[in-house]
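Can you read through this structure? Questions will come right after.
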Amino acid sequence: MSETAIRVTVWHENIHDREDPRVQKIYPNGMHQAMADGIRENLGDAVQVRTATLEQPQHGLTEEVLANTDVLTWWGHAGHQLVADEVVDRVCQRVRTGMGLIVLHSGHLSKPFTRLMGTSCCLHWREADDREVVWTVNPGHPIARGIPQAFIIPQQEMYGEYFDIPQPDELVFISSFSGGEVFRGGCCFTRGQGRIFYFSPGHETYPVYHDRNVRRVISNAVLWANNVARQPYTTTECPKSPRGWFENL
Amino acid sequence: MSETAIRVTVWHENIHDREDPRVQKIYPNGMHQAMADGIRENLGDAVQVRTATLEQPQHGLTEEVLANTDVLTWWGHAGHQLVADEVVDRVCQRVRTGMGLIVLHSGHLSKPFTRLMGTSCCLHWREADDREVVWTVNPGHPIARGIPQAFIIPQQEMYGEYFDIPQPDELVFISSFSGGEVFRGGCCFTRGQGRIFYFSPGHETYPVYHDRNVRRVISNAVLWANNVARQPYTTTECPKSPRGWFENL
Amino acid sequence: MSETAIRVTVWHENIHDREDPRVQKIYPNGMHQAMADGIRENLGDAVQVRTATLEQPQHGLTEEVLANTDVLTWWGHAGHQLVADEVVDRVCQRVRTGMGLIVLHSGHLSKPFTRLMGTSCCLHWREADDREVVWTVNPGHPIARGIPQAFIIPQQEMYGEYFDIPQPDELVFISSFSGGEVFRGGCCFTRGQGRIFYFSPGHETYPVYHDRNVRRVISNAVLWANNVARQPYTTTECPKSPRGWFENL
Amino acid sequence: MSETAIRVTVWHENIHDREDPRVQKIYPNGMHQAMADGIRENLGDAVQVRTATLEQPQHGLTEEVLANTDVLTWWGHAGHQLVADEVVDRVCQRVRTGMGLIVLHSGHLSKPFTRLMGTSCCLHWREADDREVVWTVNPGHPIARGIPQAFIIPQQEMYGEYFDIPQPDELVFISSFSGGEVFRGGCCFTRGQGRIFYFSPGHETYPVYHDRNVRRVISNAVLWANNVARQPYTTTECPKSPRGWFENL
């Protein structure tokens, strides 16, 4: 393992995987393992990946774990309300001080994402085996590395506009669905020193996290969200700053 | 006519309308008249609308016309290269000093738009009677006033991503097409003091400019692009500015 | 009063005004009255302005008041923590469904603003009679109407970077201070259908809200933040949307 | 030299350096050598740096040189009009297909930059030994890596707002000057697949390119502007795209 490896924590609520045979069949070791595998497969020694799940003490997201996480990925759905506010505060605060955050699919309604966005993050949805086409609209963006102009996910839950998010700083992917809907499915945001990427593909009843392009996008996002600046100053308080305070930084 | 009416000039190359019977049937008075009618219909006394066309001297865009235009709309296709560079320079310069510009459909490749964008403005296209669905992705934006969450244009030329434009300052509409393509079809930009809106619907062989929603969007865009700030200072030169130059503005 | 007048509610915590003789001298009727006067002075019949204050029941921000408010302005400082979470939730929800919000000066740390931003909104500050120069960096923006390239506030509290906000959708003003600091003091955001403008000038011990340019900026911001789109749909839930749901909107 | 080294070409008009003894004293080998040294010093084996100057055939920017350049830096001032349009077209086209571009100081008025921006890029200026303070306003951005919250350039040419550029995709640095001016001096743009960074410090009569922080910013910008996506498709034409064209990319 490289000393400069990016420390990734794949967080998963791990509910459907234990309760729904359809999901178990696709993800026998849980969706988090598929996500972790995808990141390792693409980034190798450049990352050090572990997982954490809802049922663990403090949901596996202790102060220590977060302090040693450079990029956190988040998948939740049935258990959004089971995530303790104390942990949510800790995650949001860590994002603002520089931890990258990759929010996947139904994580759009998770507590950390909605708090960091300041909006409802609501959208239209339908489970009807729509074909999704993911279009690259920012081909020079590092998250588009190795991704074709368009790629197809044969069957997906439809996620459609209006998606109630702040306008993203950068929009990288837009999806279409067989039914005619569109969706801003690949969006970059910054909150404090933390870089956030939302990526919509990923319903639990389809093998989306086995898809080569989806895995590549998430891996690219890990590289993008990793905060190389790592500024030593924080912004958790408002310093009273005498004239000339900045002269010897 | 109100004294404070917004002075709109609808510019049209007016080529297909004179040469193609299919276009003549849909737009017997030319597409520019349909556009002008749509704006008058929605905005009434709030606007004063005239038209100008390619075949006129200086393409109808003399210094005087431009000086007395608050918002210019632009439709071109077959005649992009017939537009004199001198007129293009004048249009771009007038935009930078505060004239609004609404670029329609195939105007994406027009000289003024590509020069103001700094990119190729290329895209994918197909004439195959695709159904277009226009989705509102910024419902609080003034250009979305009176526009439903989605509206349908039953037959349209497909315009698809990658659309080579700079990231818009605000993205208001995204379209999907029957073939599965998506397109950032309603985009806001600013260049200097000029506000620019690109709106993609509008192929000449379909009655798009008779569509109620399309007319409403263009009319809303006229209101948005009209520069109420009308700052007296220009930015056509770099002033050498002594210490304190700004103390008595 | 015009039937289409924009209904403005000027909210103020009204603490310093009642406790600090320095503030009383500058604002004998309270800062909220100066703000309300400034808006009326500039917009006349185009607005209908009322005030609401912290000490009123529900802080003067009942469901009914908010339902009948198009644009809310917010000034708070000493009493941020005294604002009831229930009222904050109501304000944020009303913003997302289309109420404009203008946050002034020390309101940067208010509950509504920090929740809508998703960041700490911290900054550097100093009370030392710095001269502030406010620079227009988006002269074609409607909020810059009638505002010179730069204007001076002779004495002000210094607010300096790093200001921990999400990157604004549009940046209209940047301030400098005698001490050498800079500040993104005029910032536009959108959250849901609500348009938000943060404007930094306004310390309570200086007569900033009597300043002609400051009053003009706030008045321009009222016009900008007023949601003319007024879309009937809300985004407080995620609708399950069958195929073709959008065909007859 | 690493096989994956980023290939940087430092372009310089090299006029003041040969004509002005003040400049020669500060930059005995030319400003381009100081810039190249700064990049090598920070990035070592990660880059392969060469220089090119105005007086060379084709200004040193042949098809071959550009094809083998990942990131181009540009400094010009007295010689903007001496740069051949043919070379400018080539540079702009190469940027759109993925070459990074870093435009320095007076390069704001260069042909490549103004064409890629679509605006005048004018600004206010003064040569009066102002102190410049460069403030980081996006501390999580990779270009801010290792840069303090603020750093001081003791003497600089003043560059002040209004700076007539399109709103940057990301704003990283804002400068203040002793005279009270502010300037958006660190701005990110994208044009096509090319990433562009404008950085304002750098007047020829001051030792700015010997400054540790300035060198670090330029080096960080090289890493940021290097297009890792390197998409094989270009956007120099508008492909007619039959239904299903994207199904086997």
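As written, the chain order gives the labels A, B, C and D, with residue 1 at the start of each chain.
The definition used in the following text is that a contact is a pair of C-beta atoms (placed from the backbone, for glycine too) under 8 Å apart; a residue touches a chain by one contact, two chains touch by 3 or more.
Quantities reported herein were computed from a predicted structural model and do not represent experimental measurements.
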item: Distance-maximising chain from chain B - centres being C-alpha averages; value: A
item: Chain pair with the higher count of C-beta pairs in contact (A-C, A-B); value: A-C
item: Chain A-chain C separation of Cα centroids, rounded to whole Å; value: 32
item: CA centroid of chain A to CA centroid of chain B, Å; value: 37
item: Residues within chain C bordering two or more other chains; value: 133, 136, 138-139, 149-150, 160, 162, 167, 169-170, 180-181, 190, 192, 233, 246
item: Graph class of chain-chain contacts, one of line, ring, star, complete, other; value: complete
item: Chain C - residues contacting chain A, complex; value: 92, 96, 109, 115-120, 122-126, 128, 158, 160, 162, 164, 166-167, 169, 179-181, 189-192, 233, 235-246
item: Complex contact set, residues of chain B against chain C; value: 98, 133, 136, 138-142, 144-152, 169-170, 190, 192-195, 227-231, 233, 246-247, 249
item: Residues of chain B touching chain A in the complex; value: 131, 133, 135-139, 149-150, 160-163, 167, 170-171, 174-178, 180-182, 184
